[in-house]
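Data first, discussion second: the structure below is written as structure tokens.
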Amino acid sequence: MSAPLALQQIPPDVFSAGDYEAHARRALDANAWAYFSSHAGDGLTLRANRAAWDGLALLPRVLRPVQGLGTACTLLGREWPSPLLVAPMALQRLAHPDGELATAVAASAQGAGMVVSCEASLLLEDVAAPVRGNAGRGPLWFQLHFLPDRGAMLELVRRAEAAGYEALVVTVDAAVRAARGAEQRAGFRLPPGIARVNLPPQGPAPSDLRGLLSQAPGWDDLGWLRGQTRLPLVLKGVLHPQDACEAAALGVDAIVVSNHGGRTLDGVPATAVMLPRVADALGGRLPLLVDGGIRHGTDVLKALALGARAVLVGRPVLWALATAGAAGVAHVLRLLHDELEIVMARCGCSAPDQAGPGLLVPAPPPFPPNPNGDMT
Amino acid sequence: MSAPLALQQIPPDVFSAGDYEAHARRALDANAWAYFSSHAGDGLTLRANRAAWDGLALLPRVLRPVQGLGTACTLLGREWPSPLLVAPMALQRLAHPDGELATAVAASAQGAGMVVSCEASLLLEDVAAPVRGNAGRGPLWFQLHFLPDRGAMLELVRRAEAAGYEALVVTVDAAVRAARGAEQRAGFRLPPGIARVNLPPQGPAPSDLRGLLSQAPGWDDLGWLRGQTRLPLVLKGVLHPQDACEAAALGVDAIVVSNHGGRTLDGVPATAVMLPRVADALGGRLPLLVDGGIRHGTDVLKALALGARAVLVGRPVLWALATAGAAGVAHVLRLLHDELEIVMARCGCSAPDQAGPGLLVPAPPPFPPNPNGDMT
Amino acid sequence: MSAPLALQQIPPDVFSAGDYEAHARRALDANAWAYFSSHAGDGLTLRANRAAWDGLALLPRVLRPVQGLGTACTLLGREWPSPLLVAPMALQRLAHPDGELATAVAASAQGAGMVVSCEASLLLEDVAAPVRGNAGRGPLWFQLHFLPDRGAMLELVRRAEAAGYEALVVTVDAAVRAARGAEQRAGFRLPPGIARVNLPPQGPAPSDLRGLLSQAPGWDDLGWLRGQTRLPLVLKGVLHPQDACEAAALGVDAIVVSNHGGRTLDGVPATAVMLPRVADALGGRLPLLVDGGIRHGTDVLKALALGARAVLVGRPVLWALATAGAAGVAHVLRLLHDELEIVMARCGCSAPDQAGPGLLVPAPPPFPPNPNGDMT
Amino acid sequence: MSAPLALQQIPPDVFSAGDYEAHARRALDANAWAYFSSHAGDGLTLRANRAAWDGLALLPRVLRPVQGLGTACTLLGREWPSPLLVAPMALQRLAHPDGELATAVAASAQGAGMVVSCEASLLLEDVAAPVRGNAGRGPLWFQLHFLPDRGAMLELVRRAEAAGYEALVVTVDAAVRAARGAEQRAGFRLPPGIARVNLPPQGPAPSDLRGLLSQAPGWDDLGWLRGQTRLPLVLKGVLHPQDACEAAALGVDAIVVSNHGGRTLDGVPATAVMLPRVADALGGRLPLLVDGGIRHGTDVLKALALGARAVLVGRPVLWALATAGAAGVAHVLRLLHDELEIVMARCGCSAPDQAGPGLLVPAPPPFPPNPNGDMT
């Protein structure tokens, strides 16, 4: 992978991460747009994720200059420039020819972390190589789920270790999901030339739940994986406080409170609702990350205030990638980072670990809105 | 009734029960659509039913494989494959020429129960005959309400017994309702060739409330019916916890918490609101079923978690029947069943009787929404 | 006033009181529509009135036949057929040439009460005469407010006494209101031939608040009025529990909890919110009536359950009057009455005085709605 | 500045402050409209400000004539005719050629206060001169923020003292804000001939947060300013109760609870939410003012009831200025004042300092709204 990354312009009307969405919708064909924008069921959880962040208000302070303000964040024993990571997202070449490479290079340049999906459309080695040695980059993690063939899975782990990935993010909320998920609803098909190049050729997926369940991993499988690698393990997809405690007992190193962005099961709680309950149950035993609906620096600070050490950003990165390749990704991460610094400064918070529940005020319920403008 | 059932295609864009609604609207003429879609008053209760399920969030577990997962459900002393039943709905030949027969055969094929309405458009014997002996079918129940002529009513009971129905579902929330109900608002008229063929020819209905009230049944009438048949009695239309207790004392065998899908009285609570209160009052004395707004497997699991043993599905079945006859009904029940299995698996729940309130998280109120997209 | 009332058809698509609104909008010119539909400020209170009734759910009972069901209602020492009264509304000839006469005759025919406004467009004697002697009619009350000229006011009282009115309804929430109220916003002007024929010719109204305040009545003025007439006094426009207690101490005979339908001051509470608090403070010392947003029989029963003895219905009566004259008014009152009987029967309530808070269930807040249908 | 102010007509359809918005949108070019209507982020805080006022209901009294009713308000040791002040707003010549002068003259004529922004487009001396000596005017205050060059700042203070301003309003919630704020999103540019004429020529603003933070003021800077002038200091932009207490300890004379109208940081609480908490923390040590979303006299009384001594009105004044110059500003302030008097009269409140929490009733959450009008 030695071709240079595309040099692209940032649209002049993008001032916030969410502004990239409309651009991406225009840039992508219907097939790719359907894949990235899809959600489970009626989208209750997708909307609940956003609504939960918006339902919290931050309480600023005044006249508290925070000259030493910084966003440095300690994760898995190492300090990183920023609490922002790119969430693992599959098949990024659907969004842009430069795919995961553009995302990784841009994240690295912005000091943000990169979680490469095992469903990436580029070889995990090719994604890691150009960024691994960068000074000032963020964490470089590899995401995987349990493969039916444990040997193939171990091979993937070894490749990730060899390529320099610093942790394994194990996704555990997608093993069992609707046989006809969101992608199929949208008629999604992989276009020629784009594939999950890191995974072994898959036999036909089990056509019924019985088959899926027989392959579904359990805590003992996680224990097995724990014994197979020295890389830290990050468990992604936890919502229930007891699951978080079980993970801590089993030697997991961090947890991502996540509902998969509302893509795999609808009607589950917003991550901002469960994050403080998980934090409460863990009592600091494990660092927490969170994803789902992060669109503003304010959302990031709210997440930190609720107990997260860092956040994963998903769709906005893809929208930016689709819009302007690596430049877009760098830009959207920079926007989020700058917004975070500003809101930290406004809240008198000079470092992420100073954020706590005292920053937050619940928003009261409003008076009945008037949907018609005028109603007689 | 020996004509074969119509063989029809499932529309390729149906992936969820609710997707059938738009198809049914196109398939039905205005008269039939009005009949099936109508609701009492302003539709507050109709919407409240849906909103109440959506207002509950399910809390998934991870890494809990549930290999033995099954949906078997015990009702009235017998185990059935599934906690899904088709709600009693009148005049199904308005929706499709195959009418109740298509519904019953499809439900049987999917292991779901069938509650045949006494207002069916086919003879109750003709509906029961082809499914009664099917292995793997669900419960086969007959719904009736109190007829002014108790002799005619007993005759109906005897026919149901003889035809092999396994329980009588006595609807008690429609005896008194608006003289000009939803059907009349929509100008509904029975088309030629479609009739309530199981009921005796009706004299003119009482034109005023006095007349209706003089015919309205009471608890003693239920006691009388209790003494007339050995079939289990299921009381449908209960919302008040005290009524549930009264029913238990009287020897009723099960209760359906129902508001008639918002069709007979507007402004009454959502069934998901009253279900846990009824369950609490009964303390397990009677099995509970619930209906009203069930559209997803998640809704079914939420109902089980709130104390229901099984759920009745109404409009979606009719939509599917109108769209694709028996194939549609089988498909919509299969969708709900598969979704239920998946969400059970995701919540670490291997059998319906494992569901409880611990699965649920209330959804917090959101920040004021922005109806205009941008508001200055 | 001896001309016969117009004979008009009820539109065939009216099945609920609210259905008359669209007909009235078509029947009225913009000037009259503006007058009747106007509201103070942003309409917060107008909408809050409706939302508060909708926010309460009624809990039906089953198998409780209520053969003796009746709506008889005792007010001011006399029993009436119904707890429904027509609210005092000015200038009804703006809505229909038959004006207040049509309304009074129709109300009488339906057993509903009639409160004739001192701003009526027909002579109060002409409105009372044809209905005063009717068997089965409801209460016949006269509404007035304090006139700057107390002599002219007393003359009005004497005329009302002589004409057979059975109580005086004293409106106390409109003495001070926006100098440019809702009517002026809509550019309202009295058309030729329509006037407030019962009131003395008015000098120019005070142009500033100082002038209005100097004429504003106080409790002592009410005491004065109390001493001037043997007619019962009904105080209309009370929201504050302490005002209700003060009225009771002063010898008032009944209270109408009202915010003037949101017409005179915006941002005040819904009447359904204040009614139970007023009832609680009074502890039964005075009978309560309520108005504001009553559109259904369910709303009437909710009002009774919250402590009202009867309800006043405003805009729907005017809509019906504008649509079909006396026939419309009779029809809309009949609809409300029949709906009330039905919902009473469904709730196991055989008389208005059996209604209490046990009939009500608060509606829980819903999950965030999806305003766009689909949101990615 | 001796040119006469423009004589302009008030549009005949303006009856409430908010009615000016549509007129202003037509009167202003896109550039100026963008500047005045812009908001931070998604506008959550902008909407929350309005929703919080609307979410409170006022409880009127009856038969309590308040002949001595007046709006006189004591601020900083002096009595003023009204608790209304014009909020500091920059660059008012963007809205109208007469700019701040029109606003000041109109405010003075209405007895309202005027807070002249240090970013005014006219010389602060020219704005103060024509109004300083007016009998019956409101407070004349000068707003400023900390300038990087403290000498230039002191010079500004001295000019304000010399020009007759009676207090300094120190804005502390805008020192650090998004490098690309709302104006840049809208592509705002200062048109020729309009400038911040009171400020020293600015060097290039710091391009990064580090630069901004190094210039950001702290409590010690406020202490320094406190020592530099005998003018009372009003701290504007406080939301946190602890900041208010700190300000009191430091000798500040009053506080404006403000979130800058949602312009500098999104996702912070509505001012109506924080006002009572700040009041509670201060326990009367300092007088409070509040701004953000005041559009009605009812909003003003709600603010007084929650603990404010006076309110600042922003956008509506600008809308009126853009629409009709000084006449518009006078009119909008008169509307608000008259509405305030009327609602005070209705609530039995004869002076601002009689307002308290007893006037308020929280609005209950409504039943789920029906966004579609009809939903089946």
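As written, the chain order gives the labels A, B, C and D, with residue 1 at the start of each chain.
Quick note on the criterion: contacts are C-beta pairs under 8 Å (C-beta built on N, C-alpha and C of every residue); 3 or more make two chains touch, one makes a residue touch a chain.
Every value quoted in this text rests on a predicted model; they were computed, and no experiment measured them.
Taking only C-alpha atoms, you rotate chain A by 90 degrees to land it on chain D; that is to the nearest 5.
At the interface between chain A and chain B, two copies of one sequence, fewer than half of the residue numbers in use appear on both sides, so the contact is built from largely different positions. Separating the centre of chain C from that of chain D, both taken as means of CA atoms, is a distance of 41 Å. Separating the CA-averaged centres of chain A and chain C is a span of 58 Å. The set of chain C residues touching two or more other chains comprises 42, 44, 48, 51, 54, 363, 365-369, 371. Residues 13, 15-16, 18, 54, 56-67, 69, 296, 298-299, 302, 338-339, 341-343, 345-346, 361, 363-369, 371 of chain B touch chain A in their complex.
In the complex of the two chains, the chain C residues touching chain D come out as 41-42, 44-45, 48, 51-52, 54-55, 172-173, 176-180, 184-185, 209, 212-214, 216-219, 221-222, 235, 237-240, 242-243, 246, 259, 265-270, 273-274, 363, 365-366, 369, 371.
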